[in-house]
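After the structure tokens below, expect a handful of questions from me.
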Amino acid sequence: MSNPLSEHEIESKLTDLNDWRFEQNFIRKSFRFTTFRDAMSFLVRVSFEAEQLDHHPEIFNCYNQVEISINTHDVGGKVTEKDFALASAIDACSS
Amino acid sequence: MSNPLSEHEIESKLTDLNDWRFEQNFIRKSFRFTTFRDAMSFLVRVSFEAEQLDHHPEIFNCYNQVEISINTHDVGGKVTEKDFALASAIDACSS
Amino acid sequence: MSNPLSEHEIESKLTDLNDWRFEQNFIRKSFRFTTFRDAMSFLVRVSFEAEQLDHHPEIFNCYNQVEISINTHDVGGKVTEKDFALASAIDACSS
Amino acid sequence: MSNPLSEHEIESKLTDLNDWRFEQNFIRKSFRFTTFRDAMSFLVRVSFEAEQLDHHPEIFNCYNQVEISINTHDVGGKVTEKDFALASAIDACSS
């Protein structure tokens, strides 16, 4: 599950997700919430998914904005299937 | 804002909320979520409202179930306008 | 891991924990924090342990007070080894 | 409270805080926790302070690492007294 994916594979898999993009060796999604409170509650919700998969994203938050960036450290910061599993779980949180 | 409301006033005000009931000197609402994770994220979201209003409910959680009970300690555990302000803020979280 | 423990076994195991008691078919601990904020952050921390063990306590919160009660639904609400595993994980959070 | 501070004033005030530094027009602190769970619980705790002060930092998290960066948008991203008030509140959380 941790083999680096080719750029072609990444782009293909991105079409199965909602609004994720491939950027600087990460798959990345930007969220904008109504309030900071909504953003933080969402991050708590996402944290449970990260723990379950034992795969932790880079999270950036400022006020109502959240940016989540995912790649796999174990293969030198490349994108793998594990990253898509987490992204998919995160999409399920925000729906 | 902290005068005890009559039972008639309470019942009248409950009609402005979603699914709250008057029970054992509290206004109370039961929530059922899909998962424990959803329940906890919701409680974090609610906590910000409680802090803003400086009014804290009794919270019960077990797995995907949450029960929130509100009255006003300062008037001996009676229901006041403050309780309805918090209940209304909580309803806004869950929508 | 889910066989009901005898009261003797429960009392013996309670001595390995910090301030838990056996009460109404639960093992139970009461916490008092400085602030509501501390209480909620602690509950978030505890939630990760509950999810990892897939075992969820009954949680009661009011302002800076938290009460956690644990037993095992699958064996009809008796106390089992699973409950002590969760209690021990919770104690590790609060230290 | 929102006047930009001089670099001299910033450096002087930093000595009242624990391990904050002045960098790229932010005051900034890096935290390393034992676990991701500890990091997220800390961020929930910090969020209540940000809401109370109505001043929100830039938060970065990856696994057990947290970086918090603070400046004041209203004065074009300069450091003001408000930033030090939040930093001080955050230090009180982590002690």
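Letters A, B, C and D mark the chains as written, and numbering starts fresh at 1 in each.
Definition applied: a residue touches a chain if its C-beta (ideal position, glycine included) is under 8 Å from a C-beta of that chain, and two chains touch if they have at least 3 such contacts.
Since we're looking at a predicted model, the values are computed, not measured.
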More contacts between chains, A-D or A-C: A-D
Distance from the mean Cα position of subunit D to that of subunit A, given in whole angstrom: 25
Distance between chain centroids, defined by C-alpha means - subunit A, subunit C (Å): 33
Subunit B residues counted as touching two or more neighbouring chains: 37, 40, 44, 47-48, 51
Arrangement of touching chains [line / ring / star / complete / other]: complete
Footprint of subunit D on subunit A - complex, ascending: 36-37, 40, 43-44, 47, 50-51, 56-63
Subunit D residues within the subunit C interface of the complex: 37-38, 40-42, 44-45, 48-49
Contact footprint of subunit B on subunit D as seen in their complex: 44, 47-48, 51-52
